[in-house]
Structures are given as structure tokens and as C-alpha cells.
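Below, chain A partners chain B and then partners chain C, in two separate complexes.
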Partner chain A sequence: MLGYVIKRILLIPVILLIVTFLIYILVNLSPVDPTYNLLPMNYTQEMADELHREMGLDKPIVVQYFNWIRNALHGDFGFSWSSRIDVMEQMRPRIPITLKLSLITTFVIMIIGMPLGILCAVKQYSIWDNIFNVSSKMLGAVPQFWLALLFMLLFCLKLGWLPSYGLKGWESYIMPIVTLALPSIATYVRNTRSSMLDCIRKDYIRTARSKGAKESEVIFREALRNAVLPLITASFNQFVMLISGAVVIERVFAIPGLGSMVIEAVGQSDLPIVLACTTVMCVICVVMTLIQDIVYGLVDPRIKATFVGRS
Partner chain B sequence: MAETLLEIRDLNVRYTTDGIIARAVNHVDLNIEAGEIFGLVGETGAGKTTIALASMGLLPRYTSQVEGSIKFKGREIAGANENVLRDIRGKNISMIFQDPMTSLNPVFPVGTQIGDVIKWHNKSLSKAEVETQVDEILKMVGIAPERKREYPHQFSGGMKQRVMIAIAIVCKPDLLIADEPTTALDVTIQAQVMMTMRNLQKQLGSSVLLITHDLGLVAMFCDKVSVLYGGEIVEHGALEDIFDNSRSHHPYTVGLFGSLPDLHSRASRLNPIAGLMPHPAELPAGCKFHPRCPERMEKCQTGEVGASSSGTHSIKCHLFA
Partner chain C sequence: MKGTENDNALLAKRVKARSAWAETWDRLKQQPVAMIALGGIVLIFLIAIFGDLIANYKDLAIAQNAAEKLQPPSLRHLFGTDRFGRDMFARIVHGTRIAIAMGFVSTLAAIFVSVIMSCLAAIYGNRTDNFVMRVVDVISSIPNLVMAIAICSGLGQGLWQLVVALAFGSIPYATKMCRSVALSVVQNEFIEATRALGGGTWYTIRRHLLPNIASITIVTFTGTAAFNILMGATLSFIGLGVKAPRPEWGLMLSESMSYMTRYPYLAIVPGLAIVLTALCINTFGDYLRDALDPQLKGKV
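And now, the complex of A and B:
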């Protein structure tokens, strides 16, 4: 197990090198030139060439990439093409905000979605099952930004309970988290339900009953321990998706996170910021995948066995 | 006469799915006495497993209806509530399932799965006491106690079935239901598993309900035999009654024996029974076997047949009525 983990950790730099290279190439395929942003309106060709030389943009793309990655390794992502402020400085306060938002949302989804899913599976075809099934399908079909606007209308304008934008304390997190979580809870309930139903029908559940297990033991120990495996994947996928996918909600609620930063940067053709943000998201993704694999191995002995076999 | 452990009277089980009613078990009577090995023989789909599951109250709650009476030591099992059943399951009646590959929970070590039964039925035992019992039972079924920390996927099929046997007998049940315990295993392992089971049965004095389609196993192990067809018991008797060629038998039993290879006859082909077992949703009227029966008569197609018996042997067929 330990050998496997070490091997996986050693692989991380290689993966990141490949991914960042691809991002760098793709981003640079767009015909964006910093001269529009950085030079005065009436700039001359000489001034543009001078700027290119200064920023190393006259060199071949591969050389540019290696210069960028060398600086990035020292925590230097260059400066913004629009504001001339250091990228790292701009990005640093935003990372914890996005992480916090994604992490809490993922937990909320799990804590609410899992018990409801189990309830639906255990009481299959009951009134609860039907209620949650229909409502989760409806919730899944609602666009998040629309939900966000409805909540704003109700809780900020009508009732005045919650702040409508920005981050002014813990209250500010409530609406974004609820809007992000609701549609995903719907998916999570359905995932848990089908995974549980799958396990409840297995032979080993019949064995457990034949051994005289209490119904609570059958459900929460024998079945859930097996049903939880695909849910681990779902939870981590959810988290990774939120890291990069909270863009719309961050925008609607004006939360200064990574997502809103990327959107602004794209609008302003601010390549250094786009590169830096996507790289940070990638690092989070790769680390999360590693943790996911380790958790998986801890829960399922069969997977642990393949780890040991391979390492 | 020994004490009657399991007494099944006029048992009917129906499965309902999508409005189709499958009559899996019809008017079955069955008596298992203390210490005996009772063989229940029949083709796939004859209702063998349904009888076994009904005896433990393990039939699916919403899709099955049980009528009749199943008494274990005088206690009614059919329709009993979960608390009563839970107390009986694993302690008084336990079951070994057909497929050891899927019958063990893949995420718990086998020792835990054996220990659970002990804990659930003996709440006062300490952890150490449970562990000693686990070690003992593993030794009894021929598995090194050190392997108790291993998971089911680290065991072979035969070893998994031994673990299942250990789970089933660790609380010294009065009745052990073995539902085709060796069907999923290869022939050499079959013999080992069956010997393990019989030795343990002798040591503990339990009764066994052996469900199988293998007449060889029945001949080797059973005291009494019931032949099941279309959810009905068509012939019942002591082992000697059923396996005695000189006696008259139900045409289905004759067919079953005809489909076995015989060392002494020089037949170039076996004589399987023509046709297929009817689906329990489309059982024919009259004798369930009449469409396939070589000796069918006019009256077989309509009225129900009563059983005619002589001594311990009884046959449900118009030929002998």
C-alpha cells in the first residue's frame, strides 16, 4: 500500500508537466497579444517588438513554456496583462475561498444526499421514494443560476435575511452553497439509491439475514459498506467539478474565488491569469484523485490487494 | 420416534411479479426429525430453494405470499415477526447457500463474518471468547485459524464454502439447510465439502435438509428423500424406498434415474426426460407431470391426485391411486 502511494506521488509531477504543457499550448493558440492591453492606444511597431522581447514572447513557444514553468515552480506566475499586478498575489486569497466553498458544498451534498438515498432504497416504491425521486428529477433539471436568482429575490430582497453578494462573513456562504448543493443532492440521492438497491439484492445480504442480523446491521453495515464505493468516486468527482465549475455561482453572487477570476481573465485575454488558475485547479484535481485512490483502497480490501500486487 | 424439528403442512408459496402469479410451491408436506439427513431432490425450478427460504422466513416480503404452516419445534415460522425469526435464524436453523463466491460479504474478513453470528446470538460473550470460538470452528472445517483476518477474495471456492459452513454451524443449530452446497464446486472439492459437513453433523447431532439435484449425493448421505416436481412432492420415502429398483416409483422418479449413467448397463445413450419443467406461472391442470409422462392417462389431465402410501413410502400418481 505504502509503495503504491509513493509511486503515485512520484507520478504527480509527470502528469502536471504534461497537463500544463497542453494548457500552455492551447491557451497560446489564441491570437492574443499583450500589446493591446499594456501599450498606449497609439503604439508603434517598435514599441510592440520591444515589449515582446522584454516579455520573452519573441522566443519559440517551447522555450516560452519552459521559462514559464521554471518561474511557476518558484511560485511566480508573472504579472497580469490587464492590471500589471503579480498573478500569485491576486490568486492567493482566492484559492482558500474556492476550496472552502467546494469542500463545504461537497459535505452538505453527502450529509443530506446519502441518508435520503438510503431511505429511498430501503423503502423502495414507498411514498418517500416517490417524493424524492420526482423532486430530485425536478431539481436536477433546474439551472443553477436561475435558482440563485430566485433565492436572491426571496432571501435578500423580500426577507432581507442574507447578503446578496460578496463575502461578508459566514452568512454569505449560505446561499451559494445551497444553490450549488441542491441540484447535486438530487443526483447524489439517485446514485446512493441505485447503489444501495444493487447491494441489498446481493447474496451476501441474504446470508447476513440468514445469520440473524438485525435489519439496521444489514443496511448500515453489510450493505452500506459495499454501496459506499461508487459514492466515494461520486463525492470526489463532485468536489473536483465544483473547484472548476462553481464559476457561474461565484459570478452570480460576486464571490472572489478562482472561478470568477478565470472568467474575468478570459474576457480580458489575460493569459497569465488563465494559465495560473487552470494550473492550480489541475494540481487540486490530481491531488484529489490520489486521495480518492487511497480512500478506495482503505474501504475495499479487493482494491488494496491489487495495490499490493502492483507495487 | 425422534422429536420432530421442522414440520411443514400444506405449504403454498406464490410469487407475484407484474401481475404474473408463479405458483412455486404447492401443497407441500414435510417432516424433518432430529438427527436425520433429509434429501429434497428435483430439477431447477422445482421449488427447492423456495421451500428452504420459506423455512427461514427469508422469502422476499412484497413479492411472495406464503400459505400453510411451517413449525419449528412447535413455533410457527410462516408469518412470524422479524424478532422471532431473527432469534431462530443462525442459532436454531442456519443455511448454506449454493454459490459460495457471492454469499460472503467481500469487505469484511472471514473471521469477522463468523464472529458476527456468535455475537448476535450470545450478547454476553467477551471479544476474546468470540475469537476463541472463531478459531475453533475454523479448525473444525479445516481452515488454519490464522486465515481469519483474510478476506473472501483470498479464498478459493471450496474454502469459501467451508467458511460458509463454519458460519452456519458455529452456533450449533438444530437444523442445517444446505441448498445445493456443492453445485458451484468442482467434483474433488464436492466430496471434501460433503465429508466435512457430514462429520460436523455427526459431532453436533444436527439435522440436515440437503437440497440437491444430485442423486449420487442423496444416496451417499440421506436418510429420507422427497422428490419435488412443479412445486409438489411427487414421491417420498426412506432412502431404501426410493433407491430400490424392485419397487414401483413415480414416473418422474423413474425418469430422473433414467437420466443417470449406469455402470452395469451398456446403453449407448442416456434417457433424459423429454420436455422441460413447466414454468411455475403456467403449471398444467391435473398432475403437473402429465405432459412429459410416458404413462399418462386420460384422468391425469384433470383431477388432482392423492398420495398413496405403503409404510414409509408414498407416491402421488394415478398409476398407484
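And now, the complex of A and C:
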């Protein structure tokens, strides 16, 4: 097991290196030249060349990439092309906001989604099951930002119950979390339901029932325990998806997180900020996937056994 | 008695002559919801094709007309007008073309690449398959939206850049889907037999592999197309996709954000257009999946 964990952890830098390289190349396809923003209006070609040399932009892109990644490893993402402020300084207060938003939402989804999913599985083909089935299909076709707009229109602007933008206290988190969670709850309910149904049809459930165990005991002790495994994976995936979902929701509710920062930066062609934000998001996602794999291996004896056997 | 025997023989002949596609269509025809959804998709395509006959693009959807700005829905302007006095109905009509470009063109490109990769992975196996899977792993470890942000900031903002970003983002999922089926198809004996009889790689792919992965490809196509329409609208909404003054639905929503308290129709109409389009494609895709291959039910 330890070998498996170490192997997975050792793979992370390799993946991150490839991923960041890919992103670096993509972002640097942009024809934007920082000299337009950084130099005074009446700059000369010599000044521009000097600045290019200073910033290392005259070197081949691969060299530029390695310089960038070396600095990035030390937490230095350069400075913003539009405001000249250090990128890390700007980014530092924003990372926890995005993380907090996604984490709380993940828990909300689990707390609400799991009981509903169990309900749908235990009472299969009941009215509840059908309602959730249809509504999750409906929600699958609704873009998240539109849901956010409608909720904002109704609860914030028409009824005035909640603040519609910014972060002023715990009330400001309600709308973003609700709009982020709603579509995901739908998929989570579906996941829980199918996972529970798989378990309920197993032989050992029939055995437990025939032994005369109470129905609640059968469901919660026998079925749920085994059904929970795939749900752990699902919740980590959920978190990764929420990080990108947060980008959009932050924009709608004007929350000063990573997402609103990167969108603003793309609009201003501020490449260092775009690179820094996308890199941080990728790191979060890759690390989350790693934790998911490890947890999954630890919890599921079957998977553990295959890896112990192999390594 | 002879008559019935003849009838049975005729029936058997007729049943035999029907292709798998015809049978799928028969199963699909019995589902009224699927037919409604299909009707919706056809309608969207018709609107996109004949959009110029319904409403003039330049005069109504693009040209600003300050005299008629922010008018509520009426007979003259079915969905009202926006803050520049542009007819919302005309903009919605012409938005279908952009939605189709985002949903169908990008997905077509992604599926094309995915099918080629899955076929190669299946036919050549081991090392090719490994390579394909590693590429897919790396791309899919970048969140969809982050990838789109990187592409849109590198290539600039516009319709074709958005289509590229969407296509690139959907390759991992489509490849995973097609590859898993292609791998299991290749293990069948008839592939071995084809090879033993001297069938070349291209012949095997064309004659045996492609027809057998067709249904999963189609199912993946519908699902991805709906997802890409939503994603494209989202990206345009946050200002990374289609540029103004093009009538993209997500962009229209973002333009009307500050006016929506007093003119809620501005926030509702384009959103409904997106939802209905995605809903039609999703619903039809679900029924199509069940009709194509009852075994796939609930798996994709």
C-alpha cells in the first residue's frame, strides 16, 4: 500500500510539469506584448527591446517556461502586466475564498444529496424517485450562471433577502453556495441512488433479510456501508468540478476569488495572472485527484489487495 | 394453412431485411417524448438555416436603434428589445446559428479525433493504447473551464476560438467512451477472423470496428453537444467566448445583467432558449441511447 501511495505521489510532479507546460504554451500563443502597457506612451524600440531582455521574453519559449516554473516553485509568479503589482500578493487572499466556497458546497451537496439518494433507491419507482429523476434531468440542461441570475433576480433584487454581490458576511455565501450546489446535488442523488441500488440487489442483502434483520438495519448497516465507496470518489470529483463552477458563480456574484481574478485578467490580456491562476487551479485539482485515489485505495479492501499484490 | 405459412415466410423475410438502424428508429418512434425532442432539434436547425427569412440579421439583430430601446414584449417585438433597441426575437433566432456552431461543430471535431484515437488504440493495442490513455489523462487533469480559459486567452476571444476550446475540452471524455467500447469489440473473434483472412487495418476499422462503435459514438455525441452548448454560453457569459455584438445567448444574458431588475424578460428569454435547446438534445440523446442499445441503459 505504501508503495502505491509513494508511486502516486511521485507521479504528481510529472503530471504537473506537463500540464503547466501545456497551459504555458497555450496562454503564450497570445500575440499580446507587455510593452504596450508597461512603457510610457512615447517609447522607443530600444526601450522595448531592453524591457524584453529584462523580462526574458527574447529567449525561446521553452527556456521562458523553465525560468517561469523555477520562479513559480518559489512562489514568485512575476508581476501583473497591467498594474505592476506582484501576482502572488494579489492572489494570496483570493485562494482561500475560492477554496472555502467549493469546500462548503461539497459538504452541502453530500449532506443533502446522500439522504435523498438513499430515499430514491429504497423507494425505487415511487413518486419521490420520479420527481428527482425528472428534476435532475431538467437541471442538467440549465446553465449554472442562468440559475444564479434568476435566483439573484428573485431573492436578492425583488425580495431583498440576501446581498446580491460581494462578500459582506455569512449571508453573502448563501446564494453562491445554493446555485453552485443545486445542479451537483442532482447528479449526486443519481449517483447515490444507482450505487445503493447495486448494493441492494446483492446476495448478502438477501441473506441479511432472510435472517430476519430489520429493514432499517439492512439498509444502513449492510447496503450503505458498501454503497458509500463510489460516493467518496464522486464527492472528490464534485470538488474538482466546483472549482471551475466557482469561476462562473464568482463572476455573477462579484466575489473576489480566483475565478473573478482570472476572468478579469483574460479581459486585460494580463498573462502572468492568467498563468498563475490557472496553475493554482490545476494544482488543486491534481492534488485532489491524488487524495481521492489514495483514500479510495485505503477504504476499499479489494483495491488495496490488488495494489499490495502488484507492488 | 398454406396461407399462414406463406405469410410467416414473408414476415421472416421482411424482418430479416431490416437494418439495425431501422429497428432503432422503430423503437424510437414509439416514444412520444423522444419525438417531441427530435422535433425541437429539427426546429432549431430549421430556424438556423432560414434565420434570414424570419428576421433580417443586420437591420434587426445588430443595428442599434435608440428610439426603441428597452421595450417590453409586444406584437411588434415578440420578446421585447434590449438596451440598444435591438429586437430580442431576431437575436434569439440568429443565436441558434452560434449555438449550433458551439454545440455541433465543436463536438463533431472532437468526436472525429476521438474515434480515430480510439480505433488506433484498439487496433494497435498495448503501447499505442497506453500513449493515448496518458494523453487523455493529462488533458483531463486540467479542469474543463481552466483549459477553455487558457485557450481563449492564448488565441483571443471569438467564435472559432471558442469552438476550438470546446472541441479540445471534450476530447478526453469522448475518447474514454469510444475507446472502452472499441477495445472490447477488438477482442471479438470476427476481428481475428478478418485478420486471418488477410483484412488490412483500414479494412478492419471501416468494416468491423466503426459500425460496432457507432452507437456509443452517437450517444456520446448528443451528450457532449448539449454540454458544449451550455459551456459555450457560460464562456461567452463570463466574457471569454463570442464577442459583442454577435447575438450569442450567454452574451445576451451578461449584457442584460444590470437591467434585469426592471426588465426581467431580458434575463429570462435567452436563458430559456439555452435550456430548451439543451433539454431537447439531452432528452433525445437519452431515448436514443435506450433505443440503440438497451444494454447501455443507465451506463453513459
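One rule holds for everything that comes next: the second predicted complex is superposed on the first by the 305 of 311 C-alpha atoms of A that agree within 3 Å, B and C clash if a C-alpha of one lies under 4 Å from a C-alpha of the other, contacts with A are read in each partner's own complex, and residues count from 1 in each chain.
The definition used in the following text is that a contact is a pair of C-beta atoms (placed from the backbone, for glycine too) under 8 Å apart; a residue touches a chain by one contact, two chains touch by 3 or more.
Just so you know, these numbers come straight off a predicted model, no measurement behind them.
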Exercise. Will chain C clash with chain B on chain A after the two structures are superposed, or do they fit?
Worked result: fit
Problem set entry | First (chain B), second (chain C), both or neither touched by A:178 | neither
Exercise. So, does A:194 touch the first partner chain B, the second partner chain C, both, or neither?
Worked result: second
Exercise. Which of the two partners, first being chain B and second being chain C, lies in contact with A:232: first, second, both, or neither?
Worked result: neither
Exercise. In the superposed arrangement, does A:300 touch chain B (first), chain C (second), both or neither?
Worked result: first
For this session: Could you let me know whether more residues of chain A are touched by chain B or by chain C?
Result: C
Problem set entry | First, second, both or neither for A:286, with chain B first and chain C second | second
Exercise. In the superposed arrangement, does A:88 touch chain B (first), chain C (second), both or neither?
Worked result: neither
For this session: Return, as a multiple of 10 degrees, the angle whose vertex is the Cα centre of chain A and whose sides reach the Cα centres of chain B and chain C.
Result: 80
Problem set entry | Shortest CA-CA distance between chain B and chain C [superposed frame, angstrom] | 16
Problem set entry | Common ground on chain A, meaning residues reached by chain C in one complex and by chain B in the other | none
Exercise. Which of the residues in chain B end up touching chain A in this complex?
Worked result: 56, 58, 82, 86-91, 94-95, 97, 99, 102-109, 116-117, 120-121, 151, 153-154, 164, 167
Exercise. In the complex of these two chains, what residues of chain C are touching chain A?
Worked result: 137-139, 141-146, 149-157, 226, 230, 233-234, 237-240, 250, 253, 257, 260-261, 264, 267-268, 271, 274-275, 278-279, 282-283, 286, 298
For this session: Show which residues of chain A lie in contact with chain B when the two form their complex.
Result: 202-204, 206-215, 217, 222, 225-226, 299-302, 305
Seminar exercise, completed: Residue set of chain A touching chain C in the complex reads 15, 18-19, 22-23, 25-31, 137-138, 140-146, 149-150, 153, 157-158, 194, 240-241, 243-245, 247-248, 251-252, 262-263, 265-267, 269, 271, 274, 278, 281-282, 285-286, 289
